[in-house]
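What follows is a pair of complexes built around chain A, which joins chain B in one and chain C in the other.
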Partner chain A sequence: MERLFLSGGIKIKNLILEVVNLKKHFPARGGNPLVRSERTVKAVDGVSFDIREGEVVAVVGESGCGKSTLGRLVIRLIEPSSGGIRLSNEDVTHVQGEELRSLRLKAQIVFQDPFGSLNPRMTVGASIAYPLQVNRLFKRGDKEGVEQRVKELLERVGLNAAHAKRLPHELSGGQRQRVGIARAIAVNPKLLVLDEPVAALDLSAQARVLNLFKELQRNTGMAYLFITHDLSVAEYIADRILVMYAGKVMELGPRGGVFKTPWHPYTEALLAAAILEGPSSSDATILDGDPPSTIDPPPGCRFNTRCPHAGPICAAEEPALVEVQDGHMVACHLLTGKLQRRIPASTRIPVSA
Partner chain B sequence: MVSLSPNSTSDRSPSRVMLALSNGRRFAKTHKSIVVGAIMVGFVVAMAALAPVLSPYSPTRIHPLDRLAGVGSPGYLLGADQQGRDILSRLMWGARSSLAIAVLPLTIAGILGLVLGSVAGYIGKLPETLIMRSMDVVFGLPPILLAIAVAATLGPGLVNLVISLSIVLLPPMTRVTFQVVTTLKEQPFVDAAKVSGATTPQIIFDQIIPNSLAPVIAYGASLAGSMVVFGAGISFIGLGIQPPQADWGRMINDGREVLDLHPHVSTLPGLAIFILAAGFNFLGDGLRDLLDPRMRM
Partner chain C sequence: MQQHFRTIDPGAGKVPQPDELLRVEDLRTHFHTRHGIAKSVDGVDFHLSKGEHLGLIGESGSGKSVTALSVMRLVREPGRIVGGSIHFEGQDLLGLDAQSMRRLRGSRISMIFQDPLNHLDPVMKIGDWISETLTLHKGVGRKAAYVEAARILKVLKVASPEDVLRAYPFQLSGGMCQRVLIATAIITGPALLIADEATSALDVTVQASILRNLDELTDIFGTAVLLTTHNMLVVRQACTRVMVMYGGRIVESCDTDVLFRNPMHPYTVGLLDSVPALERIGEPLRPMAGEPPLPTEDIVGCKFYGRCPIRRPVCQEMRPPLAEVESGHWSACFFPEESRSKISS
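Take a look at the complex of A and B:
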């Protein structure tokens, strides 16, 4: 099992998360119930990446690309079909019971929906204290200790002790999301999975919560796996960007590299769609159509059905992730030398120009 | 500056009372059926509770000279039955067994159903199959036959009636909990509890049950009315409360033979059953509207 990991199972000092060839295939429903169909939804299909201590990796992509599934796999909310997950140099791919619960002390998640992610019948204080209690981080009956910790956490996320007695429906969306953050950091995790944590908030709350994430990260040195569909959010918060499409990694690299010199046609298209300003973008690649179904996806590159450069090779052979620059990996036949660009590279959108 | 805060709080307290009052008025207007039902059930509960103080006679005391006294005859506000027992007193004492039959089986079946339904709904797989399929088996038994079978084996009486009604009510209570829980377990806060490190029993008791309580209580309340009628029916055929103890179903049976000449002996307990059953139905419907998860927020 250990051979699976790039690190070879060797302890690497500042490695927080290592994900290797992670797959999640769901059995697809529908069709004739009498004939057992073998169709599967390949929501996450062979994703590999790692996160170092205190690093922020943003996962970007369209809805349905598998980025939320990836986050849930990493936190072990759902069982991976195959592949490996290592957290702080421990293989946690299949841990169960007590071991799984001790994993929860190292990795936590903040959910997208600030309304549904808080128990409507628990006060804010009780919700935040819950992980402390179920993990017995305080002695039984040490109410003061728990209260003190809850107060401290509330203040850390920009709320105050008075909020502890409120019920979730008395709070605004931004406040609720702060409660969700306080609950997630209550056990001092090393890794925080953030599943579209600002998508449900209005713009001003978004900005404030994003700043809170930045500040928390600076003060605690937590690593983030930040899942978002919003490229500007990713650019603001992330050190590295992972671009996903239909369950696969298209491009993975440092923020500057991915945003300034994107190599993958899909990344280019995403960026072009995000920066639709001025006449100069008129020749930019705007994608037609929808992402392919992840039910029995076509062979070859997942993006070949929408790619402006696609050639016969793209439908036949799946491109491997190739390192184009230091730490900047791209999965595209343009880089394996098997395909020529249709549009000259000079029309690539200069992002910060 | 300093005087501002105490002033403002003291200003606020009377307005808070006004706010609560106007809230109450608005509540009464929008939830009429709860108010009407609560008044009807509350009246019966008050009568049952105050029976030792208010009832003019003992419910079992026989006055042979006053047998079949009519409504309004001196000393007997609602008349007397064939043995000269005061109907008003018997109605007041009989309210106790009717309420017990309405509430106790529902409480017992409700608690068991909440646990069983939550376990089946949250865990699924084998527990779900075992629990839900055995509920289907119980569901297939006709309630009257079940009550007769329990009375035949354990003997008639209030306790055994409560037992058989609890068995009858268990499948519907389990099923409704099961349904609530299967939608509840998809909520992100359940995932959040899982990620917090909570064990399955902790999730069921801390997260699932408190949130399924309201709809299950509302459903239970809507069944209380039919339980009153059903319990009276069982007592009517002689398998419930045993004479001479006062019970409404029993009283209807007592007046059966004199129904043509002295209809009040049977119809008054019938009316009492109607008031309590209708009150529970109003209350149940109103609670369901109020607590329905789709109506919340």
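Take a look at the complex of A and C:
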């Protein structure tokens, strides 16, 4: 089993998370209830990457590409169908019970919806204290210790001790998200999975929460798996970018590389959609159509149905993830020379420093 | 203090321009709630020319949706339009009876909303849904209406329109449902299309493609667009002119590219500085302090006073009027020149 991992199961310093060929297939529901469905949703279909200590990896992609499922797999809210996950050099792919619980001390998650992820009947203080008590980080009856820690956590996320007595509905969206963050960092995790943590916030609250993430990361050295659909947010926060499409990794590389010289046509299209200049701007790279269904996805490259360059090979053969530059990996037939670029790359944006 | 106010109406003058389609003056829409009167729209003036694409940008609670609904006269209780006027094609909309207004909706003014699935009938085929508008308003037969519907879906880059026309809403993706709503709204060739956060629920790539198709489609019909959004990118792609709304008032209005280059209101500056943008890589985010005022708060002066980095006592005592600072560039700030230079340095 250990052979699965690139590290060969050997302890590697600084390595927080290692994910190898991770898959999650769900049985597809719907259709005729009388006919037993054999179809599966391949939400995550062979994803490999790693995260080092203090590193921020952003997972970007459209809705339905499997990025949230990936986040849930990583902290084992759901169990993978196959593949492997190593957290701080420990195989956690199929851990259960007490082991699973101790995993939560290392990895925590902040959800998108700050309204749905807090218990409306629990005060903010109680919500934050809960992980401390469940994980027995304080002695039974050490009320003062817990209270002190809650206060500390509230202050660290930009709230104050008075907020501990409030109920979620008394807070704004941005404040609620801060409570979610305080709860997640309460156990001093090494890895924080952030699942669209600013998508539900207003613009000005969004900026403040993003700055809070940066500051927390600087001060604590936590690593983030930052899931977002917004490329500019990813650019702002991440060291490395992982571009997902229909359950697969299309491109993975350092931020500068991915944004300055995107290799994959899908990354190009995402960037083009995110930096449109105006109604008259060149829009050769605007994609038509919708992402493919991950129920029985198209054969070959998953992107071939929308790709402006696609040729016969793309529908026949799945491109492998190949390293094009130091640490910059791309899965596209354009790289192997079996496919010609139809339109010139247009979205290289000038990046200062 | 600089005194360069000319008039408080960004349309300049009360005489209707020849190509004027919509003129809104001092619009006030209030909600009478238990917590007091929420002034969601608190004195809004603007005008829209034929075929123009105008953006209305603001955060949640700024009053942009209520403004859009007011123009459609679709504000629900406890909300009420309590003042001002709305002139559309020379008609006073607030003076119309319910039946005339209903005739106007869907034929001369159409609206699309954020959540397309909730605005389609789940048990009605898409084809019937789209063509009903045409049948009702223009008396076109079912067959001809179907042909027209297919033609419009083609412009919207729907690969096989006939299949979509035969489908039910639940069989379509969110992007496809939004294309259907757009087709429904525009099939009668309205003079004005109001799009209320119409692309906010969609993915960026789908959003970009829909906005482009919408552009082509409105060109064909000569339809003007009033587009409300919280997304700078959308305004940039789809609108030639933009208004920034805050606390139920318009605080800035100008051409879209001018807004990004040279904002003249501290709120706009704050908004631009708090959005990470791929054009400004490497620059830190400078979020605004504080929260917007509650709509029930009684504020005499500038609504942005509590959060403004360049405020002065006068701002609290007097409401700054929307004044023309440069040609075609309106700002509701007493110190518009200071906004950019002082804050972002």
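Just so we're on the same page, the second predicted complex is superposed on the first by the 338 of 353 C-alpha atoms of A that agree within 3 Å, B and C clash if a C-alpha of one lies under 4 Å from a C-alpha of the other, contacts with A are read in each partner's own complex, and residues count from 1 in each chain.
The definition used in the following text is that contacts are C-beta pairs under 8 Å (C-beta built on N, C-alpha and C of every residue); 3 or more make two chains touch, one makes a residue touch a chain.
Predicted model only: the values in this text are computed from it and were never measured.
Q: Overlaying on chain A: chain B and chain C, fit or clash?
A: fit
Q: Does the superposition put A:S117 against chain B (first), chain C (second), both, or neither?
A: A:S117: touches chain B, not chain C.
Q: If we overlay the two complexes on their shared chain A, which of chain B and chain C does A:A207 touch? Say first, second, both or neither.
A: second
Q: Once the two complexes are aligned on chain A, which partner has more residues of chain A within touching range, chain B or chain C?
A: Ranking chain B and chain C by residues of chain A touched puts C first.
Q: Does chain B (first) or chain C (second) touch A:L105, or do both, or does neither?
A: Only chain B; A:L105 stays clear of chain C.
Q: After superposition on the shared chain, which partner residues are touched by A:G289: those of chain B (first), chain C (second), both, or neither?
A: Only chain C; A:G289 stays clear of chain B.
Q: Output check: A:R149 vs chain B and chain C. Expected answer is one of first, second, both, neither. What do you get?
A: Once the two structures are laid over each other on A, A:R149 reaches no partner at all.
Q: For A:F259, using the defined touch cut-off, is the partner it touches chain B, chain C, both, or neither? Pick first, second, both or neither.
A: Only chain C; A:F259 stays clear of chain B.
Q: Quick check on the superposed pair: does A:H229 touch chain B, chain C, both, or neither? Answer first, second, both or neither.
A: After superposition on chain A, A:H229 lies in contact with chain C alone.
Q: Once superposed, minimum distance in angstrom between C-alpha atoms of chain B and those of chain C?
A: 8
Q: Residue by residue on chain A, keep only those touching chain B in one complex and chain C in the other, then list them.
A: Touching chain B in the first complex and chain C in the second, no residue of chain A appears in both lists.
Q: Under the stated contact criterion, what part of chain C meets chain A in this complex?
A: Against chain A, the touching part of chain C is residues 53, 59-60, 157, 159, 173, 175-176, 203-209, 212, 215, 230, 233, 236-238, 240, 256-257, 270-271, 273-279, 281-282, 284-288, 291.
Q: Quick one: in the complex, what on chain A touches chain C?
A: Against chain C, the touching part of chain A is residues 62-63, 172, 202-208, 210-211, 229-233, 235-236, 259, 269-279, 281, 283, 286-291, 349, 351-353.
Q: Residues of chain A touching chain B in their complex?
A: Residue list for chain A touching chain B: 75, 77, 101, 104-105, 108-109, 111-113, 116-122, 130-131, 134-135, 169, 180, 183, 187.
Q: Where on chain B is chain A touching in the complex?
A: For chain B paired with chain A, touching residues are 187-189, 191-199, 202, 206-207, 210-211, 296-297.
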